[in-house]
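Just so it is clear, A, B, C and D label the chains in written order, and each chain counts residues from 1 on its own.
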(Lines give C-alpha, C1' and ligand atoms only; values in the text may rest on other atoms or scores of the structure.)
Protein backbone atom coordinates (compact mmCIF):
# COMPACT_ATOMS: atom_id res chain seq x y z
CA UNK A 1 0.00 0.00 0.00
CA UNK A 2 1.62 3.22 -1.11
CA UNK A 3 -1.05 5.74 -0.10
CA UNK A 4 -0.54 7.69 3.14
CA UNK A 5 -3.71 7.27 5.20
CA UNK A 6 -4.88 10.06 7.48
CA UNK A 7 -5.11 9.32 11.17
CA UNK A 8 -8.59 7.98 11.91
CA UNK A 9 -10.53 7.52 15.10
CA UNK A 10 -10.79 8.65 18.68
CA UNK A 11 -8.87 8.16 21.91
CA UNK A 12 -11.71 7.24 24.31
CA UNK A 13 -14.29 4.52 23.65
CA UNK A 14 -17.07 2.98 25.74
CA UNK A 15 -18.81 -0.40 25.56
CA UNK A 16 -21.79 -0.33 27.91
CA UNK A 17 -23.06 -3.90 27.46
CA UNK A 18 -20.32 -6.27 28.49
CA UNK A 19 -21.11 -9.91 29.32
CA UNK A 20 -19.29 -13.20 28.73
CA UNK A 21 -21.87 -15.99 28.31
CA UNK A 22 -20.90 -18.74 30.76
CA UNK A 23 -21.55 -21.77 28.52
CA UNK A 24 -20.66 -22.76 24.97
CA UNK A 25 -21.71 -25.22 22.26
CA UNK A 26 -19.28 -26.30 19.57
CA UNK A 27 -15.54 -26.53 18.98
CA UNK A 28 -13.10 -24.42 20.99
CA UNK A 29 -11.83 -21.76 20.54
CA UNK A 30 -13.75 -20.52 17.51
CA UNK A 31 -17.24 -21.29 18.81
CA UNK A 32 -16.51 -20.55 22.47
CA UNK A 33 -18.88 -17.85 23.77
CA UNK A 34 -16.96 -14.59 23.95
CA UNK A 35 -17.09 -10.81 24.17
CA UNK A 36 -14.55 -8.93 22.05
CA UNK A 37 -13.27 -5.42 21.48
CA UNK A 38 -12.07 -5.08 17.90
CA UNK A 39 -9.60 -2.23 17.48
CA UNK A 40 -8.04 -0.65 14.41
CA UNK A 41 -5.00 1.59 14.52
CA UNK A 42 -4.78 2.99 10.99
CA UNK A 43 -2.11 5.51 11.98
CA UNK A 44 1.66 5.60 11.53
CA UNK A 45 2.56 5.11 15.22
CA UNK A 46 1.77 2.38 17.73
CA UNK A 47 -1.16 2.86 20.13
CA UNK A 48 -1.02 2.02 23.83
CA UNK A 49 -4.51 1.24 25.10
CA UNK A 50 -5.62 1.17 28.74
CA UNK A 51 -8.93 -0.55 29.39
CA UNK A 52 -11.02 -0.42 32.56
CA UNK A 53 -13.82 -2.87 33.42
CA UNK A 54 -16.77 -1.45 35.38
CA UNK A 55 -19.14 -3.65 37.39
CA UNK A 56 -22.52 -3.38 39.08
CA UNK A 57 -21.41 -3.82 42.64
CA UNK A 58 -17.64 -3.39 42.96
CA UNK A 59 -14.83 -1.02 42.02
CA UNK A 60 -13.53 -1.06 38.42
CA UNK A 61 -10.74 -3.42 37.39
CA UNK A 62 -7.76 -2.13 35.44
CA UNK A 63 -5.88 -0.93 33.68
CA UNK A 64 -5.65 -3.74 31.16
CA UNK A 65 -2.80 -2.81 28.84
CA UNK A 66 -3.01 -3.56 25.14
CA UNK A 67 -0.78 -2.43 22.31
CA UNK A 68 -2.09 -1.97 18.77
CA UNK A 69 0.83 -1.53 16.39
CA UNK A 70 0.78 1.05 13.61
CA UNK A 71 -1.38 0.00 10.66
CA UNK A 72 -2.66 -3.07 12.44
CA UNK A 73 -5.97 -4.54 13.63
CA UNK A 74 -6.21 -6.12 17.06
CA UNK A 75 -9.30 -8.11 18.06
CA UNK A 76 -9.16 -8.83 21.79
CA UNK A 77 -11.37 -11.42 23.44
CA UNK A 78 -12.22 -10.19 26.93
CA UNK A 79 -12.24 -13.85 28.03
CA UNK A 80 -8.50 -14.10 27.34
CA UNK A 81 -7.35 -11.25 29.59
CA UNK A 82 -5.53 -12.29 32.77
CA UNK A 83 -3.63 -9.18 33.96
CA UNK A 84 -4.46 -7.67 36.40
CA UNK A 85 -7.24 -10.30 36.76
CA UNK A 86 -9.58 -12.45 34.66
CA UNK A 87 -12.93 -10.83 33.92
CA UNK A 88 -15.60 -13.02 35.52
CA UNK A 89 -17.99 -14.88 33.21
CA UNK A 90 -21.77 -14.56 33.53
CA UNK A 91 -21.45 -11.09 35.08
CA UNK A 92 -22.64 -7.72 33.72
CA UNK A 93 -19.90 -5.18 33.02
CA UNK A 94 -19.00 -2.12 30.93
CA UNK A 95 -15.69 -1.11 29.34
CA UNK A 96 -13.82 2.17 28.95
CA UNK A 97 -10.80 2.29 26.65
CA UNK A 98 -8.23 5.10 26.54
CA UNK A 99 -5.63 5.15 23.77
CA UNK A 100 -2.66 7.46 23.31
CA UNK A 101 -3.32 7.48 19.55
CA UNK A 102 -6.60 7.53 17.60
CA UNK A 103 -8.19 4.12 17.13
CA UNK A 104 -11.62 2.76 16.18
CA UNK A 105 -13.40 0.26 18.44
CA UNK A 106 -16.25 -2.14 17.63
CA UNK A 107 -17.83 -4.48 20.20
CA UNK A 108 -18.95 -8.00 19.25
CA UNK A 109 -20.35 -10.92 21.23
CA UNK A 110 -20.66 -14.55 20.15
CA UNK A 111 -23.10 -16.47 22.31
CA UNK A 112 -23.15 -20.24 21.75
CA UNK A 113 -25.00 -21.22 24.91
CA UNK A 114 -27.74 -22.81 22.81
CA UNK A 115 -27.38 -25.17 19.84
CA UNK A 116 -26.73 -22.50 17.21
CA UNK A 117 -24.67 -19.43 17.94
CA UNK A 118 -25.98 -15.88 18.15
CA UNK A 119 -23.99 -12.76 17.25
CA UNK A 120 -24.32 -9.09 18.11
CA UNK A 121 -22.11 -6.15 17.23
CA UNK A 122 -22.07 -2.37 17.50
CA UNK A 123 -19.68 0.43 17.01
CA UNK A 124 -18.54 1.50 20.48
CA UNK A 125 -19.38 4.99 21.82
CA UNK A 126 -16.59 7.49 21.04
CA UNK A 127 -16.32 9.35 24.30
CA UNK A 128 -13.43 11.72 23.68
CA UNK B 1 -7.81 1.85 39.98
CA UNK B 2 -5.87 4.99 40.78
CA UNK B 3 -6.37 6.99 37.58
CA UNK B 4 -9.00 9.73 37.57
CA UNK B 5 -11.26 9.11 34.59
CA UNK B 6 -12.86 12.02 32.78
CA UNK B 7 -16.62 12.22 32.71
CA UNK B 8 -17.87 10.32 29.68
CA UNK B 9 -21.19 10.24 27.91
CA UNK B 10 -24.39 12.14 27.38
CA UNK B 11 -27.53 12.96 29.36
CA UNK B 12 -30.25 12.02 26.83
CA UNK B 13 -30.44 8.70 25.00
CA UNK B 14 -33.01 7.11 22.70
CA UNK B 15 -33.77 3.49 21.85
CA UNK B 16 -36.22 3.43 18.92
CA UNK B 17 -36.73 -0.34 18.58
CA UNK B 18 -38.14 -1.65 21.82
CA UNK B 19 -39.90 -5.05 21.95
CA UNK B 20 -40.01 -7.84 24.53
CA UNK B 21 -40.45 -11.18 22.72
CA UNK B 22 -43.44 -12.91 24.34
CA UNK B 23 -42.06 -16.48 24.47
CA UNK B 24 -38.80 -18.09 25.57
CA UNK B 25 -36.86 -21.33 25.17
CA UNK B 26 -34.35 -22.43 27.79
CA UNK B 27 -33.62 -21.90 31.47
CA UNK B 28 -34.87 -18.83 33.30
CA UNK B 29 -33.72 -16.15 33.88
CA UNK B 30 -30.61 -16.20 31.70
CA UNK B 31 -32.27 -17.44 28.51
CA UNK B 32 -35.58 -15.64 29.03
CA UNK B 33 -36.32 -13.36 26.08
CA UNK B 34 -35.59 -9.79 27.14
CA UNK B 35 -34.89 -6.24 26.09
CA UNK B 36 -32.20 -4.38 28.08
CA UNK B 37 -30.72 -0.93 28.46
CA UNK B 38 -27.10 -1.24 29.53
CA UNK B 39 -25.83 1.91 31.22
CA UNK B 40 -22.37 3.00 32.35
CA UNK B 41 -21.74 5.86 34.74
CA UNK B 42 -17.97 6.34 34.60
CA UNK B 43 -18.13 9.57 36.57
CA UNK B 44 -17.44 10.45 40.19
CA UNK B 45 -21.07 11.14 41.19
CA UNK B 46 -24.23 9.03 41.09
CA UNK B 47 -26.60 9.39 38.14
CA UNK B 48 -30.40 9.58 38.49
CA UNK B 49 -32.03 8.33 35.29
CA UNK B 50 -35.63 8.92 34.23
CA UNK B 51 -36.89 6.68 31.44
CA UNK B 52 -40.08 7.09 29.39
CA UNK B 53 -41.66 4.34 27.29
CA UNK B 54 -43.42 5.47 24.07
CA UNK B 55 -46.04 3.35 22.33
CA UNK B 56 -47.81 3.21 18.97
CA UNK B 57 -51.29 3.97 20.18
CA UNK B 58 -51.26 5.36 23.70
CA UNK B 59 -49.60 8.01 25.85
CA UNK B 60 -46.06 7.38 27.12
CA UNK B 61 -45.46 5.59 30.41
CA UNK B 62 -43.06 6.98 32.97
CA UNK B 63 -40.93 8.12 34.49
CA UNK B 64 -39.18 4.90 35.41
CA UNK B 65 -36.53 5.88 37.94
CA UNK B 66 -33.14 4.18 37.93
CA UNK B 67 -29.98 5.06 39.82
CA UNK B 68 -26.54 4.29 38.42
CA UNK B 69 -23.95 4.80 41.16
CA UNK B 70 -20.63 6.51 40.47
CA UNK B 71 -18.17 4.26 38.63
CA UNK B 72 -20.74 1.53 38.13
CA UNK B 73 -22.45 -0.35 35.30
CA UNK B 74 -26.16 -1.02 35.46
CA UNK B 75 -27.81 -3.37 32.96
CA UNK B 76 -31.59 -3.07 33.28
CA UNK B 77 -33.95 -5.61 31.77
CA UNK B 78 -37.09 -3.77 30.64
CA UNK B 79 -39.05 -6.93 31.54
CA UNK B 80 -38.21 -6.44 35.21
CA UNK B 81 -39.62 -2.93 35.62
CA UNK B 82 -42.82 -2.66 37.66
CA UNK B 83 -43.08 1.00 38.73
CA UNK B 84 -45.12 2.85 37.52
CA UNK B 85 -46.30 -0.21 35.49
CA UNK B 86 -44.95 -3.31 33.78
CA UNK B 87 -44.04 -2.78 30.11
CA UNK B 88 -46.31 -5.07 28.06
CA UNK B 89 -44.67 -7.96 26.22
CA UNK B 90 -45.15 -8.50 22.48
CA UNK B 91 -45.77 -4.77 21.92
CA UNK B 92 -43.70 -2.23 19.94
CA UNK B 93 -42.23 0.62 21.97
CA UNK B 94 -39.40 3.18 22.08
CA UNK B 95 -37.41 4.51 25.04
CA UNK B 96 -36.10 7.93 26.04
CA UNK B 97 -33.66 8.18 28.94
CA UNK B 98 -32.71 11.40 30.73
CA UNK B 99 -29.85 11.38 33.24
CA UNK B 100 -28.65 14.13 35.54
CA UNK B 101 -25.04 13.05 34.91
CA UNK B 102 -23.36 11.81 31.72
CA UNK B 103 -23.85 8.11 31.01
CA UNK B 104 -23.47 5.79 28.02
CA UNK B 105 -26.38 3.58 26.92
CA UNK B 106 -26.37 0.45 24.76
CA UNK B 107 -29.53 -1.47 23.80
CA UNK B 108 -29.55 -5.27 23.60
CA UNK B 109 -32.27 -7.85 22.95
CA UNK B 110 -32.12 -11.60 23.54
CA UNK B 111 -34.85 -13.44 21.65
CA UNK B 112 -35.23 -17.13 22.53
CA UNK B 113 -38.65 -17.70 20.97
CA UNK B 114 -37.17 -20.38 18.70
CA UNK B 115 -34.85 -23.26 19.63
CA UNK B 116 -31.61 -21.25 19.61
CA UNK B 117 -31.44 -17.69 20.86
CA UNK B 118 -30.84 -14.62 18.72
CA UNK B 119 -29.10 -11.45 19.87
CA UNK B 120 -29.05 -7.88 18.65
CA UNK B 121 -27.34 -4.80 20.06
CA UNK B 122 -26.68 -1.19 19.16
CA UNK B 123 -25.35 1.89 20.78
CA UNK B 124 -28.38 4.03 21.63
CA UNK B 125 -28.86 7.45 19.97
CA UNK B 126 -27.33 10.26 22.05
CA UNK B 127 -30.02 12.89 21.86
CA UNK B 128 -28.64 15.63 24.10
CA UNK C 1 -46.47 11.89 31.98
CA UNK C 2 -46.36 15.53 33.03
CA UNK C 3 -42.79 16.46 32.04
CA UNK C 4 -42.29 18.40 28.81
CA UNK C 5 -39.71 16.54 26.79
CA UNK C 6 -37.32 18.40 24.53
CA UNK C 7 -37.46 17.66 20.82
CA UNK C 8 -35.06 14.81 20.10
CA UNK C 9 -33.58 13.48 16.90
CA UNK C 10 -32.80 14.36 13.32
CA UNK C 11 -34.72 14.88 10.09
CA UNK C 12 -32.67 12.70 7.68
CA UNK C 13 -31.74 9.08 8.31
CA UNK C 14 -30.05 6.41 6.22
CA UNK C 15 -30.15 2.60 6.38
CA UNK C 16 -27.51 1.23 4.02
CA UNK C 17 -28.12 -2.52 4.46
CA UNK C 18 -31.69 -3.26 3.42
CA UNK C 19 -32.75 -6.82 2.55
CA UNK C 20 -35.94 -8.82 3.12
CA UNK C 21 -35.05 -12.52 3.53
CA UNK C 22 -37.21 -14.44 1.06
CA UNK C 23 -38.12 -17.43 3.27
CA UNK C 24 -39.38 -17.88 6.83
CA UNK C 25 -39.65 -20.56 9.51
CA UNK C 26 -42.30 -20.35 12.21
CA UNK C 27 -45.70 -18.75 12.81
CA UNK C 28 -46.79 -15.69 10.82
CA UNK C 29 -46.62 -12.74 11.27
CA UNK C 30 -44.33 -12.61 14.32
CA UNK C 31 -41.65 -14.98 13.00
CA UNK C 32 -41.92 -13.94 9.34
CA UNK C 33 -38.54 -12.73 8.08
CA UNK C 34 -38.66 -8.94 7.91
CA UNK C 35 -36.73 -5.71 7.70
CA UNK C 36 -38.03 -2.82 9.85
CA UNK C 37 -37.45 0.86 10.44
CA UNK C 38 -38.34 1.72 14.03
CA UNK C 39 -39.12 5.40 14.47
CA UNK C 40 -39.72 7.53 17.55
CA UNK C 41 -41.31 10.96 17.46
CA UNK C 42 -40.81 12.26 20.99
CA UNK C 43 -41.93 15.77 20.03
CA UNK C 44 -45.19 17.68 20.48
CA UNK C 45 -46.20 17.69 16.79
CA UNK C 46 -46.82 14.95 14.25
CA UNK C 47 -44.03 13.97 11.87
CA UNK C 48 -44.57 13.32 8.15
CA UNK C 49 -41.88 10.96 6.88
CA UNK C 50 -40.95 10.38 3.24
CA UNK C 51 -38.87 7.28 2.57
CA UNK C 52 -36.99 6.38 -0.64
CA UNK C 53 -35.72 2.91 -1.49
CA UNK C 54 -32.44 2.72 -3.47
CA UNK C 55 -31.43 -0.34 -5.48
CA UNK C 56 -28.34 -1.73 -7.17
CA UNK C 57 -29.53 -1.55 -10.73
CA UNK C 58 -32.60 0.65 -11.05
CA UNK C 59 -33.92 4.07 -10.08
CA UNK C 60 -35.09 4.65 -6.48
CA UNK C 61 -38.67 3.95 -5.47
CA UNK C 62 -40.66 6.48 -3.49
CA UNK C 63 -41.71 8.43 -1.72
CA UNK C 64 -43.28 6.07 0.78
CA UNK C 65 -45.33 8.26 3.11
CA UNK C 66 -45.51 7.47 6.82
CA UNK C 67 -46.94 9.52 9.65
CA UNK C 68 -45.56 9.27 13.19
CA UNK C 69 -47.91 11.05 15.58
CA UNK C 70 -46.61 13.29 18.36
CA UNK C 71 -45.24 11.31 21.31
CA UNK C 72 -45.59 7.99 19.50
CA UNK C 73 -43.40 5.11 18.31
CA UNK C 74 -43.97 3.63 14.86
CA UNK C 75 -42.23 0.40 13.84
CA UNK C 76 -42.70 -0.14 10.11
CA UNK C 77 -42.01 -3.47 8.44
CA UNK C 78 -40.67 -2.78 4.96
CA UNK C 79 -42.43 -5.98 3.84
CA UNK C 80 -45.82 -4.40 4.53
CA UNK C 81 -45.44 -1.32 2.30
CA UNK C 82 -47.55 -1.33 -0.88
CA UNK C 83 -47.70 2.30 -2.05
CA UNK C 84 -46.21 3.27 -4.49
CA UNK C 85 -45.06 -0.40 -4.86
CA UNK C 86 -44.08 -3.42 -2.78
CA UNK C 87 -40.35 -3.64 -2.03
CA UNK C 88 -39.07 -6.84 -3.67
CA UNK C 89 -37.89 -9.64 -1.37
CA UNK C 90 -34.43 -11.18 -1.69
CA UNK C 91 -33.02 -7.99 -3.22
CA UNK C 92 -30.34 -5.61 -1.84
CA UNK C 93 -31.53 -2.06 -1.12
CA UNK C 94 -30.83 1.03 0.99
CA UNK C 95 -33.23 3.51 2.60
CA UNK C 96 -33.28 7.28 3.01
CA UNK C 97 -35.87 8.82 5.33
CA UNK C 98 -36.76 12.52 5.44
CA UNK C 99 -39.00 13.81 8.22
CA UNK C 100 -40.48 17.28 8.70
CA UNK C 101 -39.91 16.96 12.47
CA UNK C 102 -37.02 15.40 14.40
CA UNK C 103 -37.28 11.63 14.85
CA UNK C 104 -34.93 8.79 15.79
CA UNK C 105 -34.59 5.74 13.52
CA UNK C 106 -33.27 2.25 14.30
CA UNK C 107 -33.01 -0.53 11.71
CA UNK C 108 -33.74 -4.16 12.62
CA UNK C 109 -33.92 -7.39 10.63
CA UNK C 110 -35.40 -10.71 11.71
CA UNK C 111 -34.19 -13.58 9.51
CA UNK C 112 -35.96 -16.90 10.05
CA UNK C 113 -34.83 -18.65 6.87
CA UNK C 114 -33.19 -21.37 8.96
CA UNK C 115 -34.63 -23.28 11.92
CA UNK C 116 -33.92 -20.64 14.57
CA UNK C 117 -34.25 -16.94 13.87
CA UNK C 118 -31.39 -14.47 13.68
CA UNK C 119 -31.62 -10.79 14.60
CA UNK C 120 -29.57 -7.73 13.77
CA UNK C 121 -30.07 -4.09 14.66
CA UNK C 122 -28.29 -0.77 14.41
CA UNK C 123 -29.01 2.86 14.93
CA UNK C 124 -29.49 4.35 11.46
CA UNK C 125 -27.08 7.01 10.16
CA UNK C 126 -28.29 10.54 10.95
CA UNK C 127 -27.64 12.31 7.68
CA UNK C 128 -28.99 15.79 8.32
CA UNK D 1 -38.72 10.00 -8.02
CA UNK D 2 -38.90 13.70 -8.77
CA UNK D 3 -37.48 15.15 -5.56
CA UNK D 4 -33.86 16.30 -5.56
CA UNK D 5 -32.15 14.64 -2.61
CA UNK D 6 -29.34 16.40 -0.77
CA UNK D 7 -25.95 14.74 -0.71
CA UNK D 8 -25.79 12.45 2.32
CA UNK D 9 -22.93 10.76 4.09
CA UNK D 10 -19.20 10.88 4.61
CA UNK D 11 -16.07 10.09 2.65
CA UNK D 12 -14.13 7.93 5.17
CA UNK D 13 -15.59 4.92 6.97
CA UNK D 14 -14.10 2.27 9.27
CA UNK D 15 -15.20 -1.27 10.11
CA UNK D 16 -13.09 -2.52 13.01
CA UNK D 17 -14.46 -6.07 13.33
CA UNK D 18 -13.86 -7.87 10.07
CA UNK D 19 -13.96 -11.69 9.92
CA UNK D 20 -15.21 -14.18 7.32
CA UNK D 21 -16.44 -17.34 9.11
CA UNK D 22 -14.65 -20.28 7.48
CA UNK D 23 -17.59 -22.73 7.34
CA UNK D 24 -21.23 -22.55 6.23
CA UNK D 25 -24.49 -24.46 6.63
CA UNK D 26 -27.22 -24.22 4.00
CA UNK D 27 -27.62 -23.37 0.31
CA UNK D 28 -25.02 -21.26 -1.49
CA UNK D 29 -24.73 -18.37 -2.07
CA UNK D 30 -27.48 -16.92 0.11
CA UNK D 31 -26.62 -18.82 3.30
CA UNK D 32 -22.84 -18.84 2.78
CA UNK D 33 -21.11 -17.22 5.76
CA UNK D 34 -20.03 -13.74 4.71
CA UNK D 35 -18.93 -10.28 5.78
CA UNK D 36 -20.37 -7.36 3.80
CA UNK D 37 -20.00 -3.62 3.46
CA UNK D 38 -23.32 -2.13 2.39
CA UNK D 39 -22.89 1.26 0.72
CA UNK D 40 -25.40 3.89 -0.39
CA UNK D 41 -24.56 6.69 -2.77
CA UNK D 42 -27.62 8.93 -2.63
CA UNK D 43 -25.90 11.69 -4.57
CA UNK D 44 -26.08 12.83 -8.20
CA UNK D 45 -22.57 11.68 -9.19
CA UNK D 46 -20.83 8.32 -9.12
CA UNK D 47 -18.58 7.46 -6.15
CA UNK D 48 -15.18 5.78 -6.52
CA UNK D 49 -14.36 3.88 -3.32
CA UNK D 50 -10.92 2.65 -2.27
CA UNK D 51 -10.90 0.07 0.50
CA UNK D 52 -7.91 -1.12 2.55
CA UNK D 53 -7.86 -4.30 4.65
CA UNK D 54 -5.80 -4.20 7.86
CA UNK D 55 -4.53 -7.33 9.59
CA UNK D 56 -3.05 -8.32 12.94
CA UNK D 57 0.38 -9.34 11.74
CA UNK D 58 1.04 -8.10 8.23
CA UNK D 59 0.85 -4.96 6.10
CA UNK D 60 -2.56 -3.77 4.83
CA UNK D 61 -3.94 -5.05 1.52
CA UNK D 62 -5.35 -2.65 -1.04
CA UNK D 63 -6.66 -0.62 -2.53
CA UNK D 64 -9.75 -2.57 -3.46
CA UNK D 65 -11.60 -0.41 -5.99
CA UNK D 66 -15.38 -0.26 -5.97
CA UNK D 67 -17.71 2.03 -7.87
CA UNK D 68 -21.10 3.02 -6.48
CA UNK D 69 -23.13 4.73 -9.19
CA UNK D 70 -25.21 7.83 -8.50
CA UNK D 71 -28.46 7.05 -6.67
CA UNK D 72 -27.54 3.42 -6.20
CA UNK D 73 -26.95 0.93 -3.37
CA UNK D 74 -24.01 -1.46 -3.53
CA UNK D 75 -23.70 -4.33 -1.05
CA UNK D 76 -20.25 -5.89 -1.38
CA UNK D 77 -19.42 -9.27 0.12
CA UNK D 78 -15.80 -9.19 1.23
CA UNK D 79 -15.61 -12.90 0.31
CA UNK D 80 -16.11 -12.05 -3.36
CA UNK D 81 -13.18 -9.64 -3.74
CA UNK D 82 -10.23 -10.94 -5.78
CA UNK D 83 -8.22 -7.87 -6.82
CA UNK D 84 -5.54 -7.24 -5.62
CA UNK D 85 -5.99 -10.48 -3.60
CA UNK D 86 -8.68 -12.56 -1.89
CA UNK D 87 -9.23 -11.67 1.77
CA UNK D 88 -8.36 -14.78 3.80
CA UNK D 89 -11.20 -16.54 5.64
CA UNK D 90 -11.04 -17.24 9.36
CA UNK D 91 -8.69 -14.31 9.95
CA UNK D 92 -9.28 -11.09 11.95
CA UNK D 93 -9.18 -7.87 9.94
CA UNK D 94 -10.42 -4.26 9.84
CA UNK D 95 -11.52 -2.12 6.90
CA UNK D 96 -10.99 1.52 5.93
CA UNK D 97 -13.00 2.94 3.03
CA UNK D 98 -12.26 6.22 1.25
CA UNK D 99 -14.79 7.58 -1.24
CA UNK D 100 -14.49 10.61 -3.54
CA UNK D 101 -18.17 11.39 -2.91
CA UNK D 102 -20.26 11.11 0.28
CA UNK D 103 -21.63 7.64 0.96
CA UNK D 104 -23.08 5.77 3.94
CA UNK D 105 -21.61 2.42 5.03
CA UNK D 106 -23.14 -0.34 7.17
CA UNK D 107 -21.29 -3.54 8.11
CA UNK D 108 -23.12 -6.88 8.30
CA UNK D 109 -22.00 -10.46 8.93
CA UNK D 110 -23.94 -13.66 8.31
CA UNK D 111 -22.45 -16.60 10.19
CA UNK D 112 -23.89 -20.02 9.28
CA UNK D 113 -21.17 -22.17 10.82
CA UNK D 114 -23.75 -23.81 13.07
CA UNK D 115 -27.19 -25.21 12.14
CA UNK D 116 -29.05 -21.90 12.17
CA UNK D 117 -27.49 -18.69 10.93
CA UNK D 118 -26.53 -15.72 13.12
CA UNK D 119 -26.52 -12.09 11.99
CA UNK D 120 -24.84 -8.95 13.23
CA UNK D 121 -24.85 -5.43 11.83
CA UNK D 122 -23.68 -1.95 12.75
CA UNK D 123 -23.34 1.41 11.14
CA UNK D 124 -19.65 1.82 10.32
CA UNK D 125 -17.58 4.56 12.00
CA UNK D 126 -17.55 7.78 9.94
CA UNK D 127 -13.92 8.78 10.15
CA UNK D 128 -13.78 11.87 7.96
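Methods note: a residue touches a chain if its C-beta (ideal position, glycine included) is under 8 Å from a C-beta of that chain, and two chains touch if they have at least 3 such contacts.
From a predicted model like this one, the values you see are computed outputs, not experimental measurements.
Rotation angle relating chain C to chain D: 90°, from a CA superposition, given to the nearest 5.
Counting C-beta pairs in contact across A-C and across A-D shows that the higher total falls to A-D. One simple way to say how far apart two chains are is to compare their mean CA positions; for chain A and chain D this gives 21 Å. With each centre defined as the average position of its C-alpha atoms, the distance from chain A to chain C rounds to 30 Å. For chain A, residues touching at least two other chains, in rising order: 114-123. On the side of chain C, the complex with chain A involves touching residues 114-116, 118-120, 122. Residue ranges of chain D in contact with chain A, taken from their complex: 12, 14-19, 50, 52, 54-57, 59-63, 90, 92-94, 96, 107, 109, 111, 113-125, 127-128. Those residues of chain A whose C-beta lies close enough to touch chain D in the complex are 1, 3, 5-6, 8-9, 25-26, 30-31, 36, 38-40, 42, 71-75, 104-106, 108, 110, 112, 115-123, 126.
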